[in-house]
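Here the chain labels run A, B, C, D and E in written order, and each chain numbers its own residues starting at 1.
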């Protein structure tokens, strides 16, 4: 009965977004069953599921998928933990808090292209700051971006640097919204600070952290700028993610249909993963 | 309306890449408007993405841009797809700015497809070998004339400097960077990207040998991190005096000789890219040219032509040497100007020599060029990283290229 | 003792966060030679040439204005619609809520590639490619899912009794939303808005494809300093610094608005 | 006939599998002051929420001033409510909190300000008008919650334990303010409280609930002096009514209560057919009064608990412990005293059904 | 000498510019039951929070069992507290809420379960153990909050209006449980309440506060029967003490109270030098007792308010309105009755300083 009014708040949005996404999806699916190349206008034909079959046996695509998973899991996990820790560290009154809070935003504020260039430069084996610092404390140079074993992790560092503040910002906002009473009660009940954190604060932040985590995961899967600027998938494909592969197929090879196939498959896989994660993590609480 | 300005009031949309030459043209635009009454809306996008944007635009056929800038690699593709307009007729109609003979012939000719001119070069370069004259003298090394010489020289430098100085540095980053440089090896060893029948030709022993040599010299005597070296890293390392040699674009000369940023001013010798075999299928120096093209969908083709020919005319090129200096001028007059000599005299001769023997097919110029370069780049990167042998990596690239060519 | 450790930690954090920024800013006021020197040059004569160059560049200034217009309007739309939808959703049963949320999150999954190409062709037909509203619409659309799921989280923390009380007091749904939920979740709204602004402010790929000369945004403009003949470090870093500055000031200003423990005292029990 | 202002017809409501209201029917005439009494968790708040339309009910009908509002949104029911949990708007100042319902009704700002000021004065929170809820003490918050309801002139007022966190003085004052307001406005009020004095002094009608069922509806006097069943008898009044177990026997002088141990007293108003039944005889503390030594029953004082004006005294009377209230200091623990039991005022309940017999 | 278990030394605390505690000093011996009384907003909760270490204090010292804990984190102070706002853990079930303090002390799970079960039984919330706080009624939540404190064995218990939302029956039961626990554990308890019966029956020491200052510290008897000043006299006891204004005059038979309108009564225990001073004579309602017609003072019954066991009766005595409590139905409004005033039990206060004189 009284629900009617509230459905007006979201239904139209959902319907609109749903309609747009259906149209786009259908259109994209239509494009993926052809062989469209930007260099051959008018020459496209219907080729059925060939593009999908091609991807299924495309070793490059498959290993890119594996890499995507690895990167996403590591980036999301580390950023969540680190971001939460920083948010908790900053969640108190101290001199200069406002300034620190604003500075924390620096990495996300910095244009991704500049972030990529900066880190690429810092990871420069001979004139970069990373190796300079290592040499100051007596370590030999690390081939940050030129080694197939290391490059992905170097990108991870840059990604963590850039996106941890995202977690910090949103976690801090959630922390600030907490009423604070239960924490006091827990202290009276004899909980140490970490126990307050673990038993009271974290459960109350649970939903916010999950949403932030899911969004970070989705965005890591789509991570592009840093990869594109820092390594473009190299060396020896060791940093090529599926999203990057799709981009290269589209805008380097101009193979639009195949690129969209890759993107479509990536979307579908991510959706499946999302549903699984969501089902596990957001088990609906009891009513109330 | 002023009869001398038949297109006055026309608004042209021009898409160019971020580059000093573009800065120069942008600065001079008011003069063009004054001379012709044509308004130019110049949109500048990053070089790495301009082709994608151009192609999306071309394939939508909306005629949003009248003039676009691009690399010669794509000219045949553009022409084949009917995206760009032949210029000969426009030239005949309105020759007020054009002087074909003033263009460096090698640059202009790359824009000829089936005898028709499709683009006017704004920027060009080739490749050459740069070496440290002082070190070569100190260690008694002769100027290399083959890739084997380069390897020897690299070894000597590394050994004699106790590893302080890298023997040679080249771009090793996956993609166009490494392919651009390795292509010199490929052609020098007698290989080629595409054979006479139009099939992929990377599966040959020459190709494998060239890649092996390229990767070996970088692995053994190259700098740390070379596998991700792009143009920038490579240039910086050399101009900081940390490498004995480098093989790269002629434009690097300008950086080596700029006392503002270089510590090797006057210490660098320039020679054309060596060859290993006596019968290469093409020159081992590149011809990299960026030109202005007129979109077939443009409704202002005449005005567009005026702009393209004005922007590439010698007057503008000479003026731009003062505004945004650049060694890649395409005008002979600009090349021989005082301003050019005073800045780039140190390597000008070697550069011109390289251009003259520059190979217009240095990088393949078929519609699938980008994909071929990409596949080759993966092979180069794998061998450099040691994750595959040259033969295997190239066999894989060859297969991928064959598929791309047949698509 | 603990205090000292705390400040040391904060300092370390700030250093790590700021080092790349320092490098960018320093490079923008260094000569190129100093910028690339190893060991790094810590003391140098600053030069403001790069800023002069960037600021006298009409293209950059126009891009700046475009970015401001596009990111603020798009984010405001996204947060507004997102907040409305989240308000509607938070009143629904758990199943309705989670189904809608799953759907919303799945919208964020699509890589830009998927919708940019169709959008480009459509916009080309409609001659919208040089129009701010195209970008605004696309950015608003892709930020709505983020806004919905974040704001849903913040709204869920608002005690249900508040809504009940407002209803008893005679408030309409929209009034409850506007006068109670928005102010109470202010911190969350601000954080979400900041993120939306930053997402759009920094977005490169969609902007590259969908902007024209008049609508080009900063990331595209800045990236044009990456020529195939190398990066124009000086102007690039100067531009990057200029791009960051307003966002940092904004961040500082709006975050000062957040009151901690806002809902304290509103509910007993 | 006075107009019925609020009718609850057989309201049923469950939270999931937990039934909370099992068919509650109450009528309130216009201007009635209905007090809901009942143990914690019996469904009082749920009932108020249902009247306000905040929780949908499972079945039943709610009628306000003749119109069924069961499917009407809260806003249109025009009720004012003090929430047990206060539910203050944390983002608004005290003044804004109190003025909010008026603002929702588009009252001019000047009038809002004056009415808010008046209510604040009445509740003694004038100095706090610019504070936010988080800067208030518990009792101050509760007063803001009350203010938000009192500022209005709705069809029905709903109060959910509105004075529980106020000090005694303030409670008395606020109670009489509410009473005055009730008399002045003549609006129906539904009031939940655990305070017997509040219930007795405010109510025109008391509804006693237990576990979602209504136990008794009556005037304060009826509920206190003539509880309908054992539950009401024990629940209302503190210290609680003492029950002497026994049987009803029929004698020459009519029906008597017999405790089986030799104590037999005649009782009035009992249907003779109840004779033989096992019963409980309920006596309130005040029905045990000190008597002259030697007269009445003899009782041993087990303990004395001073409460200020009187002492709660635990006595053993005829082998059973009962509580009485005597003037401060009138008896000492361990002593033996004489008391009279005011059997005329006693209540008699059937031991099995718990229903009142007299 | 009994050990001091808790000492508050001159505690000062302000919220910004608002002073809340203005130098509060209280000592509690081991096993003492201290009840804090005071009007809403006087700083009671703030004081408890300060003892628990939840708010830093501005100055002063808090000593628990001989050790200053002023700078000690809450955890190490080993206090248990019932928050006025409950502060339940929303993410935990009732059982987990109650068991939480034990879990923090690494008590084995089996023991936790048994102690939680016991407390739950005591508070009659056993069926609710698996629910979450938001699925509980107000009183049930409050009981969970109590349970969380009672389950522990801390150095000091702090109760902030713990029974305010419970029904009378439950309140009596819980009150006596707390009393039993206090007797059994012998722990110091600090207890805030607005309920006079609770204060009187539980306290071994009552601290009356007003506006951040202490007004009186004493036993329940002292505070009720010998209030130290006007504030305490008026604040404690409900209905409130009635004050007759007048002056002290010296007569042949000692000092007398004179209302200036011909009523003069001798008073005891007053320093003769106070003669001539303007004073207030305070009489509690129970000190006005019904007398045989003709004897004592004559009084007009203005109104009768039944409260159940007794009626609150407003009388006009010697031109002043005073409230008395008479047995139910003993007088009728409008009638004239005879009352005796128990002047021996009256309190005398200086009209200017408000301090007690007798």
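Simple rule for what comes next: contacts are C-beta pairs under 8 Å (C-beta built on N, C-alpha and C of every residue); 3 or more make two chains touch, one makes a residue touch a chain.
In UniProt terms the chains read A, C = Carbohydrate ABC transporter permease; D, E = ABC transporter ATP-binding protein.
Please read these numbers as outputs of a predicted model, since none were measured by experiment.
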{"item": "Topological distance between chain B and chain C, in contact steps", "value": "1"}
{"item": "Farthest chain (mean CA position) relative to chain D", "value": "B"}
{"item": "Chain pair, most C-beta pairs within the contact cut-off", "value": "A-C"}
{"item": "Centre-of-Cα separation between chain D and chain A, whole angstrom", "value": "59"}
{"item": "For chain A paired with chain C, centre-to-centre distance based on mean C-alpha positions, whole Å", "value": "15"}
{"item": "Interchain centroid distance [CA atoms averaged], chain B/chain E, Å", "value": "91"}
{"item": "For chain E, residues that touch 2 or more chains besides their own", "value": "84-85, 88, 135, 138"}
{"item": "Chain C, residues touching no fewer than two other chains", "value": "36, 117, 167, 172, 223, 226, 231, 261-265, 267-269"}
{"item": "Chain B: positions in contact with at least two other chains", "value": "49, 52, 56, 236, 240"}
{"item": "Of chain E, residues touching chain A in the complex", "value": "49, 52-54, 73-75, 78-81, 83, 85, 87-92, 100-101, 104-105, 132, 134-135, 148, 152"}
{"item": "Interface residues, chain A side, partner chain E - complex", "value": "181-182, 184-192, 195, 199-200, 203-204, 206, 286, 288"}
{"item": "Interface residues, chain C side, partner chain B - complex", "value": "31-33, 36, 59, 117, 120-121, 124-125, 127, 129-130, 208-209, 212-214, 216, 220-221, 223-232"}
{"item": "Interfacial residue positions of chain C with respect to chain E in the complex", "value": "265, 268-269"}
{"item": "Complex contact set, residues of chain C against chain D", "value": "159, 161-162, 164-172, 175, 179-180, 183-184, 186, 261-269"}
